[in-house]
Amino acid sequence: MRKDRKNSEIREVSIQTDYTKHAQGSVLIAFGETKVLCTAMIEDKVPPFLKGSGEGWITCEYRMLPSSTITRKFRASSKGKIDGRTMEIQRLIGRSLRSVVDLSALGERTIWIDCDVLQADGGTRTTSINGAYIALCHAVNKLIKDGNLKKSPINGQVAAISVGIVDGEALSDLCYEEDSSATVDMNLVMTSKGEFIEIQGTGEERPFTKDELSQLLSVGEDSINDIIKIQKEYI
Amino acid sequence: MRKDRKNSEIREVSIQTDYTKHAQGSVLIAFGETKVLCTAMIEDKVPPFLKGSGEGWITCEYRMLPSSTITRKFRASSKGKIDGRTMEIQRLIGRSLRSVVDLSALGERTIWIDCDVLQADGGTRTTSINGAYIALCHAVNKLIKDGNLKKSPINGQVAAISVGIVDGEALSDLCYEEDSSATVDMNLVMTSKGEFIEIQGTGEERPFTKDELSQLLSVGEDSINDIIKIQKEYI
Amino acid sequence: MRKDRKNSEIREVSIQTDYTKHAQGSVLIAFGETKVLCTAMIEDKVPPFLKGSGEGWITCEYRMLPSSTITRKFRASSKGKIDGRTMEIQRLIGRSLRSVVDLSALGERTIWIDCDVLQADGGTRTTSINGAYIALCHAVNKLIKDGNLKKSPINGQVAAISVGIVDGEALSDLCYEEDSSATVDMNLVMTSKGEFIEIQGTGEERPFTKDELSQLLSVGEDSINDIIKIQKEYI
Amino acid sequence: MRKDRKNSEIREVSIQTDYTKHAQGSVLIAFGETKVLCTAMIEDKVPPFLKGSGEGWITCEYRMLPSSTITRKFRASSKGKIDGRTMEIQRLIGRSLRSVVDLSALGERTIWIDCDVLQADGGTRTTSINGAYIALCHAVNKLIKDGNLKKSPINGQVAAISVGIVDGEALSDLCYEEDSSATVDMNLVMTSKGEFIEIQGTGEERPFTKDELSQLLSVGEDSINDIIKIQKEYI
Amino acid sequence: MRKDRKNSEIREVSIQTDYTKHAQGSVLIAFGETKVLCTAMIEDKVPPFLKGSGEGWITCEYRMLPSSTITRKFRASSKGKIDGRTMEIQRLIGRSLRSVVDLSALGERTIWIDCDVLQADGGTRTTSINGAYIALCHAVNKLIKDGNLKKSPINGQVAAISVGIVDGEALSDLCYEEDSSATVDMNLVMTSKGEFIEIQGTGEERPFTKDELSQLLSVGEDSINDIIKIQKEYI
Amino acid sequence: MRKDRKNSEIREVSIQTDYTKHAQGSVLIAFGETKVLCTAMIEDKVPPFLKGSGEGWITCEYRMLPSSTITRKFRASSKGKIDGRTMEIQRLIGRSLRSVVDLSALGERTIWIDCDVLQADGGTRTTSINGAYIALCHAVNKLIKDGNLKKSPINGQVAAISVGIVDGEALSDLCYEEDSSATVDMNLVMTSKGEFIEIQGTGEERPFTKDELSQLLSVGEDSINDIIKIQKEYI
């Protein structure tokens, strides 16, 4: 049994908006000891494949600062290439945010989402999505306030949680220690309506059964609902 | 309604073993018009993090030949970097195969899996897993036959299928045309016991409901069973 | 003395056209155990240096699949750069094909030639040229059939052969084993009229005499004639 | 005349130690609106050129987060290379810190200094040095506390300040707006004894006279003394 | 005491103009045993950030030939990236030359300065600046002579010298041996009017005092005057 | 008809040995207006594939300085990769020199050959080989003089020449202007005994006949003999 919280309970969440001044949206978000700076910056152009289409784009870069982990993490720029895990995560964050935005309504502009992990203790990708969504809302509000958009192109609320099977139990919002001993590891990205945007599960140590899948979805859904409520206070 | 096959029916499968002579396992596999050359080659050393551990490793590289797609696909080596989609896929294939192998029992050697897509028509990553599993078995048999291993370290059978929601229906083994119009896209990697190794679903166009998830898992499971049977003939 | 064939005799040749469906020309060619997939794909633009010139371009990429050799060959994209040998070969193939094409008559389009070696047993560059020529012809025929070109810009037929001095004798179409023990190594690219497009000879182990040069040209010319005849059946 | 502070006066300084938990030294430092996270992490090995020498090493990486500037700054890892300005700055920080450390007394270990600019408003390199020195002291204290070092190899205190000629006057600690209109730009790195470690001056708009050099050194020295005092409170 | 020359005396200087024929300015310059080929080439376009501005640009590339040093120096192109020292130096040379040129008066063209060190014996960056200034003048003269410019946009003369503290004495124009034992190392770039363009001093072994700074500036100024005179003969 | 020299006549050759002081062999060689600095430097280790074999290695790097051509040539290091032509040339030079050296007799050391083109006017690769051979001899003599080798491992003399068909005539040692209008282009590397080391001919504009090949070999051989004589004076 988990010592300090229920299986479907998330860690203490702290959110600080307007953390830096240059980005249109800037959110320092923490789930327990995991701290991520999520920013949203607006650029008045789009990637080549959208030029002239009238549609906008949302893209994401995710990085861990070298000092965010116990053993110093080498920078992608020093090694000369971005590793596969980083690519997967930033693609996931970008897809998750785009799924709740009407890109035509955004107009021909790009919103750059940057998620820089200041301190890692499990769940950095889901914490990033949760903070990035708030930063995105702030950037869009800024566009509206400045008269550059009439109404918000955001048509849904998105939250994410990591779940896993540890010692035979389905747990939500795993810290690093729990994550290290999980036999099954799953990330869920969902909307405020209880629908799925992404579901990514891996049987790291052993395959998992349909019954385990059900338990994971159940604890995850509870946590998603809690996060959705917290996010609403900062949008 | 699908014209030529049932929703949970897979495309025609063709498998040619020993397709090339240098690799210990070499399988040309086709699901419909999707053709992949899957090879397994044994190297008598392991990556640095395993040196001296007594454990082996299985790693995968996935590529699409430039001529495998309608519009010529630029080579990673000409652009100077591997794109995110390619990285995600080769990491998925590697993880899937490692999950059914006892790496300690494999001994300090690496099995390199190469999946080169000769012709793409949807489902290249799942076709790759299905063929790579056979190639892996052949390479392991070679190790046993040559007296380098006493018994097989493979402790499970793995198969994969792509499923998706097209025009409101859950379909299995999507061809390119179906894949292009799918609102939900999911890849399943499962064992012969009906357990999950990987489940990766994305609501590309819109979020998906719990009910849709159930339907997708259902058609997928049927297809996995069919593939498992076909693979057995070639192992 | 060579066991199984005469000194100027080529290995068994097999050619399969329309091997894949997306490329306008797609040829699987084998010289003995050497198998190369040669494709030609048409793109409706040209490199910057030809923009607005009215001229077209033919360019080539050559790669060996990792499983094509006895010891697995690392991919250029994993090492981050293309090695010198690969560059030399793809430049040679491109030059050879361009030499028999009237690039002005081709119009402002690029024909991409890709030669992917599926299995290597000596002579991969010459086999590539022999197959690529057929693929090129098919792609040009497609342009004519589709009404995009009135007449063929191809004004010659090109074939290639590797020759070498092994145990003091001039041999044609060396397999890997013969190539490894050759003291002189030469590649000839010629036309159906018996003229030279390229001649590249290297005294790997020792310099070679004018007399040896004559012998090499002689066995090579015989083989070129044989290849020219075979190609004609597939154009 | 400067509105809000004297010409030799530094901006408001805020320092937060132990800002993150994994690094042995972790300092969030702000000079006005410029905020830098400076960390020091210990690694028990040295670069190849010091192996077996008994000497240690201190190295630095400096980066600006993409959201730290008004216009989003592209990451070095996305562009594939580190720009010249970044290289210059991280070399300067590394040299500055090494100049007050007895590397033999440090023993064969590396201290990695990372300076990640969260928000930029002028003087990021000097702010980095000021914070990095404190982080370095904390990391060394940790080595001593853990019994890995008997006494500190740090034999001096180092502080840095940017100075410049703006509208004909020598100013200290320039904010971005002042820096943009400076005709002469100089960075000073000095010790608590008033000696120079680095002096780097550039006549960006026009050459500068010996008299102007004297004025710059004078305001700079005053500021250095103030910084030295502030640092002492956190070491 | 220095054996063969006074502390503020420069080494023997030799200058050969029009050393190669393709560059508009081509100067082989030697300070003692340090030999650098400095060329200036005119290109009729500017970097993107100046397009349409009517302004020109001057940029510099600096390299040491592999054989220019005692131990062969690896080429940047073989290692795949330019090292920090090289970047710093070429940025310094570019800045120094731009500071005496009215870029608006140059018009929308780029002057490429290349400084290739044929033989290194200390002071390669200052020798490069001294030779590059002459090459720049020649290229500008060519523009005027060919009727492409009415009058010279060069509005000052620039010279550079390295100075340092060796065995407690301030010396000018250090050769490699002196440079290796210098405790303080400084590069000065000045105009013919005795004003500073760049001052870069580093306390490599120990910090330096204000008094030492004065001595260094004093010997440096004498040498700058000597170099200014020599340059005038070749402009 | 050629204006100033016979068809088989080489341009004026000038050779300056000991041109720089750090390399063991350093030769500035000019064929007409083509000037190349060829150096040979000894390193006391070998590439990984020769470690422990007792054999030595000779490797070559070839580059054109940016100012060596009419239009400034971009550096490989600025573009991030070496182009195919450069790779081909440096591989050719390396192979040519290795073919006349007994690598076992050289012992486990590498001789680095660097050919840096200071000024290009046709025939840079053949001029490089001619100068590099002399530099190699000097480096080997140095090894013998210093007692590091008992006798020379060089067992042949190597020279190179470019030949081509211009206006229907076979010419030797083409300058840039002639090279630009050549329909056939060939490089010959031969020994003092009249044997071939390399023969590389390309029908750039049109295929060439056997008779043309004979003429090219004939003028080339004459020139090779002249170069062999000149080289002997400097070895």
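By written order: A, B, C, D, E and F. Residues from 1 in each chain.
The criterion applied here is as follows: a residue touches a chain if its C-beta (ideal position, glycine included) is under 8 Å from a C-beta of that chain, and two chains touch if they have at least 3 such contacts.
Protein names from UniProt, one per chain: A, B, C, D, E, F = Ribonuclease PH.
Because the structure is a prediction, the values reported are computed rather than measured.
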Task: Give a one-word verdict, same or different, on whether chain B and chain C use largely identical residue numbers at their interface, taking over half shared as same.
output: same
Identified repeat of the A-B interface (over half of residue pairs identical), from C-F, E-F or B-C: C-F
Message: Just the number, please: Cα centre separation of chain A and chain D in whole Å.
response: 33
- line: Between the Cα centroids of chain D and chain E the separation in whole angstrom comes to 28
Task: Please report how many Å separate the Cα centroid of chain A from that of chain C, as a whole number.
output: 51
Task: Mark out which residues of chain F touch at least two other chains, giving numbers and ranges.
output: 80-81
- line: Output ring sequence (origin chain B, second chain C) reads B, C, F, E, D, A
- line: Residue positions on chain F within touch of chain E in the complex are 20-23, 26, 33, 35, 37, 39, 41, 43, 61, 63, 65-70, 72, 75-78, 80-82, 112, 114, 116, 118-120
- line: Seen from chain D, its contact residues with chain E in the complex are 81, 84, 87-88, 90-91, 95, 99, 156, 186, 190-191, 193-204, 206-210, 213, 217
